[in-house]
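You will see subunit A twice below: alongside subunit B first, and alongside subunit C after that.
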Partner chain A sequence: MTTVAHQPDAAPVDQHRDPVPASAKWRAGWRRGRQLTGVVPFFAFIVVFLVIPTLVVAVGAFGSNDGRPTLDNLSALGDGYIVDAFVRSILLSAVTAVIGAILGALLAYALVTAKPDGILRRLVTSACGVLAQFGGVMLAFAFIATIGLSGFVTLFLKDQLGIDLYSGGVWLFDLPGLMLVYTYFQIPLMVIVFLPALDGIRPQWREATESLGGSTWQYWRRVAMPLLAPAFLGSTLLLFANAFSAYATAAALVSQGSPIVPLQIRSALTSEVVLGQQNLGKAMALGMVVVVAVVMWLYAYLQKRTSRWLG
Partner chain B sequence: MTFQERPLDRDASSVGAAGGRDTVPTPTSNSVAVHLNGLRRRFGGVQALDNLDLEMAPGELIALLGPSGCGKTTALRVLAGLEDADSGRVLVGGKDITELPANRRDMGMVFQAYSLFPHLTALQNVEFGLGLRRVRSAQRRERAGAMLDLVGIGTHADRYPHQLSGGQQQRVALARALAIQPQVLLLDEPLSALDAKVRVQLRDEIRRIQLEVGTTTLFVTHDQEEALAVADRVGVMRAGRLEQLGPPDEVYQRPSTAFVADFVGLSNRLPGTVSGDRVEVLGTALPLVPGAASGIGSGAVNALVRPEAVDLAVDPDGRGRVLAASFLGPTSRVSVAMPDETMVVAQVASALLPELAPGTAVRIELRPVPVVVEAA
Partner chain C sequence: MAGVTARRARKQRAFRWIVVIVLGLFFLVPLFAMLMFTIREPDGHYTFETWRQFFDWPQLASTYPDLWTGMRSSGELVLLTVALMLVLLVPTVVWVRLRLPWLRRVIEFICLLPLTIPAIVLVVGLAPVYAWVTYFLGGSPMTLTFAYTVLVLPYAYRAIDAGLSGIDVKTLSEAARSLGSSWGTVMWRVVLPNIRSAVLSASFLTVALVLGEFTIASLLNRTNLQVAVELLGKSSATMSVAVSLAALVLAFILLFALSFAGRRRGQNRRSIRETS
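Up next is the complex of A and B:
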C-alpha cells in the first residue's frame, strides 16, 4: 500500500543571513517602546493597588506591632475562631460556587439554544453583565427590603399566607443568608464566564457522533461533557474566588459577629475592643491571598486546556 | 448486520468493478445502493429540494455539484438523517430509512472542517464509532490503526487534532468515517477549507481510498474540477433539482442545459442561428447537443462554446484582434475581439503565446463539437 504522508512545507533555512543593521534594531526597539507606552497606566495601577498592598500584607504578616520579625501572627491563624472563619468562608464560597455554577450553566445552555442574535440572548446576557456586579450595600439592602425581618415579601407571606420565614431563626444575617445573597451574583457571573465555552461547542461534533451511531446521551457523556468539564470546573473556581474575596455584601448584611474571614480582618483592623491586631489581620489577608492564588492557578490551568479545545 | 460480520478488507477486483472509471456503474433496478425518491425540503421561502430523484449504484461515487444554495448539502444531510425532508423517501439497499434517526442509518460522514473531537487523539477519534458499536478494545485499536494507515497518517495516531494540519485532520475524519464500515460514505465539501495543493493531493487520496474500500459515496462540492476529477458520475444541481447527472466527460462535453454548460467549465456565449440539428456560429455549422434546441426552435440563439473548441491562427487578414492573454501554465486563455464586438475566449498552448501579442490579427475556427444553445 502506498501511503502519502502530508508534510507541511518546511521554511528554507537562510544560512548566510545579513547582519541586522544597528539603525534597524534601534527602530524596532523604538517601535516596541512606543507600543508599551499605552499599557504603562495599567501596570502603574497594578503596582500601586495590587503589588504594593500584597507586599505590605506579606511583610506585615511576619512583623510584630513594634516592627520586629515574628511568626506569632501566622501561629494565631490556628486559633479556633480564625479557623472557624476560614472554614465558614470556604464553605460559603464552595456552596455558592457550586449552586451558581449549576444554575448558571443551565441558564447559559438555554441561551445557547436560543437564536444567537435573538432578543432573549441579548437581554439575558446584558442583565447578567449588570447583575454579576450588583453586590455590596445595594444588594444587601435589596434582600433586606424584600425578605428581611420587615421585608414586603416576609410580611406578605406572614400576613396573607401565615408563613413565617424566620420561624427557625434570623437566618438572613448569618451564613445561610449570605449563601442566598451571594448566589444572586454568582449565577449571572457563571453565565458570563461559561457562555463562551458553550459557544465553542461545534454542531459538527454532535452530528459526527450521530452519524457514527451515537445517541444524544452518548454525545453528552463522551463528547460535550469531557470538553466542557475543564471550562465548568474553571468557572466554578472563579466563582469560588469571587465569593471568597467578597466583602461589601457581607459587611452590609452582617452587623453582629464576624462569621467569615473578610469580616474577621475588618474586626482585626478596626476593633476598638482589642487593639494592636493589625498584623494579625494582615496574616489572615495573606492566608486569603494564598487560597485565592491556588484557586486562580487552577483556573488558569483549566482555561488553557479549554481554550485549546473550544477556542 | 454487525460490524464483526462485515470484513474490513474487501476483494480489490470486485471493488474495481464496482467503482473504477473504466466501468462506470449505472444503477439497475436490482443494484441500487441508495435511492432518493422525490425529496422535497423547504426552508422558509427557499425550496432547497424540489422533487429530487437520485439513484446510486453500489460502490459508486457521485459528486453533487452546484452553486451555493442549490440544495446539494441539504440532499446529503437528508440522506444522513441530519435533516428531515418535507416529503419523499430515502432508501438504502432497498430498505426505507426515511424515518430512521441519523444514529441508526449506518453512514459515515466527513464534514467541511473542525469535526474531529478535540479532546481525543487521532487514534481515539477513529476508535470512537467502533466504541459506540461495542467493538472490543484490542480489535478497535487494530482497526483504527489500519484505517489511519489507509489514509496515510498512521504515524500521527497519538496526536491531537490541534497538532495536525487541516489536511491531516481531514484524513483522520475520513478514517473515522470509514472505520465503522458504513453502507454509504457522505463527504460534505471535505476539501473546501484546505489550501490548493493539499486539496488536490487529498482529492486524489479520497478517490484511491474510495476505490479500495468500495463504499458507495456521495460527495458534495461546489468545485467543478474536484467533482470532475473524483466522481463516477456528476450531478449538477440547480434550485433543488438535478439539471444533469452523468459521467464527468459527458457533463462537460455534452451539457444538457445552458446552465450546466455555463456552470461546468468556461463557455463563450456566441450569437448563432439554429437550423435543424445544427447551429451556425461565426461561419461554422456546429452540431447541437440532442434536445438542446427544444423549446427554442429555429432562429437566433446564443451558442455556448468551450474555449478549447476555439482554434486561433495568426492571419493578417483575420477578423479577430487579440485583446489580452492569461497564462495558466501549460495552456493560456486568449481573449479575441470580433468586428461586431463579440468577445471570444480561446484556450491555446502556452507555447503559442509569443505569437499572440495584443493587437495581433487572428482567424478563428470552431471545432465541430456538440454545443447547447439558449434563447438570444
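Up next is the complex of A and C:
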C-alpha cells in the first residue's frame, strides 16, 4: 500500500518532473495508473477465482468435448430428464418460497409486535440465523431423525396413533420430502430478510389512519400492505433463488436418482468420463445462472421500490 | 383511545404467542427428534453412550479420524478465510473510496456477483482452476479458502461498506496523513478501529458460511466439517446426528450471545440490521 502513497492535496507529483507542460494530461493518467495498483491484488484474485470459473461455465456450455464451438450441449438441455429436473427445481423453489414467505412474514410480524430488545426477539432471530444459513447437511439429518423410516415422529405416529406416514410410499427422499425440509430453512430466511421492512413501518402511519377515521382493515388494506408489498415480493424472490441454488440438503437427503438440477449437475460432474458429455454439466449450470440472474434482477428492482418508504 | 390501544396490545400479544408457539413446535420437533435419535436404543431403552463418546475428545479423534480432520480443517479454514477476506477487501474498499470513486460501482457489482452464481455452478467452473491450485499448492483442504472468500464477498462487502458509510473516511485519513502517518498506519490505527463492528460482523458472517459450507468441499473432494458429517452419516448414523445437533446448538448459542455483544458496542441499530 505504501508504495502508492500520495499526499492528498499535493498537486502534480514533484519527484517526476516533466519538461513538457502539455503533458499534464499524461501525468494525470500516470498518476491514475499508479493509484490503480492499489486494487491490483483484489482484481487479480477476482479474475482467477470468479471471472475464470464463470468463463469456464459460459464458454464450456457452448463447446464440444474437443473444444470446438457447438450448440449440442444447449440443445441437450431440451432432453426430457433435464427439462423435468428444471421443472421440479422451479416447482420446489416456488412452493417453498411462497409457503416460507407467508409463514415467515407472520412470524416476523409477531416479532415486531414484541419488545425490540426483548428476549423473545433475540431468541427467535438467533435461531433463524442458524437455521437459515448454517443448516445444509445437518437439516437433512434432522429430518431423517424425525420422519425417516425409524424417525421419532414416524414411530410415534405408528405406535401411538396407528398412522403410517409412508403408506403411500417413502416420500421423504423425493420431491415432497425436499419441500418439507426446504420450508424448514426458508421460513427463518424470510424472518431475517423481512424483519427490517416491518421495522420500517411507523406507528404514526397507523395513528394518522385512525385520526382520519380509518379502521384496522382499512389501515392494512390501504396503507400497510401497499407499503410492504414490494418488500414481501422481493423477499419471496430471494427465497426462490435461495432454494433454487441450494445443494447440500438435497445431496445429503437424496442418494439415489437426481430429481432436481443441482443433483443432475452433481451426477454430470462425478460421472462425466462415463457419459462422454463433459460440458452438459456446464450447460445446466449456465441454465441455473440465467434463472437466478433474472430472479435477482427483479429482486434488486423491488428492493429499490421498497427503500423509497421503508429504507 | 387508551382502551383501543390496550385492546390492540392484548390482541397482538395473543397473535404473537399463537404464531410463535405453532411455528416453534414445527422448528423444535426435528431438534427434539434428533436428541431422541441419539439416546434411544432400538429396544426402547435410553442410553447416553453416544454423548459420552462425543465429549471424550481423544477417543473421538481415534474412533472417527475423518470427523476429527474435518473439524480441524474447518476450524483452520475459518481463520484463513477471515484473514484473506479482510486483507483483500478492507484496503481495496477504503482505497477505492478515497482515490478511485469511479471504480466503486464496479467493485460493488463484482462483490455482489456471487449472489447470482449458485455454489453448485461455481464449483463447475472452479474444477479446472483447482486443478492448477492442486498443482501449485497441493490438494490440502486449506486451498478451499480461495473459493470461500469468493462465496463470502457479497456479505462481507455489504457489511464493510455499511461500516465505511457510517464514518467520514476521507476526513479521517486526510487528518492522519497531514499529521505524517503512512498509509499502513492510516489503515491499521485510524480506519480499522472506526469500522470495528463492521469488520466483526463481516468476520462473523464468514465464520458461519465457512462452517456451513458443503457443496464446494464435497465436489472438489476435500474434507471439511460438513463433508465429514455427511460421510459419517453413512457409517454411524447416531454419531452423525449427535454431531449435527451439537453444531446447531453451538451455533445458536454463539449467535444468541452475539446479539447482546453487538448492541453493547453502542452501534446504531440500522447498520447492524443491514449487515446481518
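Methods note: the second predicted complex is superposed on the first by the 257 of 311 C-alpha atoms of A that agree within 3 Å, B and C clash if a C-alpha of one lies under 4 Å from a C-alpha of the other, contacts with A are read in each partner's own complex, and residues count from 1 in each chain.
By definition in this document, a contact is a pair of C-beta atoms (placed from the backbone, for glycine too) under 8 Å apart; a residue touches a chain by one contact, two chains touch by 3 or more.
Not measured: the values here are computed from a predicted model.
Asker: Can A:141 be said to touch subunit B (first), subunit C (second), both, or neither?
Answerer: Second partner only, subunit C.
Asker: Have a look at where A:202 lands relative to subunit B and subunit C in the superposition and call it first, second, both or neither.
Answerer: In the superposed model, A:202 contacts subunit B only, not subunit C.
Asker: Pick one for A:252: touches subunit B only (first), subunit C only (second), both, or neither.
Answerer: In the superposition, A:252 contacts subunit C only.
Asker: Per the overlay, which chain contacts more subunit A residues, subunit B or subunit C?
Answerer: Subunit A has more residues touched by C than by the other partner.
Asker: For A:214, decide between first (touching subunit B), second (touching subunit C), both and neither.
Answerer: first
Asker: Given the touch rule stated above, what does A:161 touch, subunit B (first), subunit C (second), both, or neither?
Answerer: neither
Asker: Going by the contact definition given at the top, which residues of subunit A touch subunit B in one complex and subunit C in the other?
Answerer: Dual-contact residues (subunit A): 1, 4-6, 8.
Asker: Going by the contact rule set out above, which residues of subunit B touch subunit A in the complex?
Answerer: For this pair, the touching residues of subunit B are 80-82, 101-109, 111, 114-115, 117-119, 128-129, 131-133, 149-150, 152-155, 162, 165, 167-168, 171, 176-177, 180, 186, 198, 201-202, 205.
Asker: Once bound in the complex, which stretches of subunit C touch subunit A?
Answerer: Against subunit A, the touching part of subunit C is residues 8, 12-13, 15-16, 19-20, 23, 26-27, 29-34, 36-37, 88-89, 91-92, 95-96, 99-100, 103, 107, 110, 113-129, 146-147, 149-150, 173-174, 177-178, 182-184, 187, 208-209, 211-215, 218-219, 226, 229-230, 233, 237, 240-241, 244-245, 247-248, 251-252, 255-256, 258-260, 263, 273-274, 276.
Asker: Quick one: in the complex, what on subunit A touches subunit B?
Answerer: Per the touch definition, subunit A meets subunit B at residues 1, 3-6, 8, 202, 204-205, 207-215, 218, 222-223, 226-227, 308-310.
Asker: Subunit C touches which residues of subunit A in the complex?
Answerer: Interface residues on subunit A, with respect to subunit C: 1-2, 4-9, 35-36, 38-39, 41-42, 45-46, 48-50, 52-57, 60, 103, 106-107, 109-111, 113-114, 117, 120, 122-127, 129-131, 133-139, 141-146, 151-153, 184, 187, 192, 195-196, 199, 216, 241, 244-245, 247-248, 251-252, 262, 265-266, 269-270, 281-282, 285-286, 288-289, 292-293, 296.
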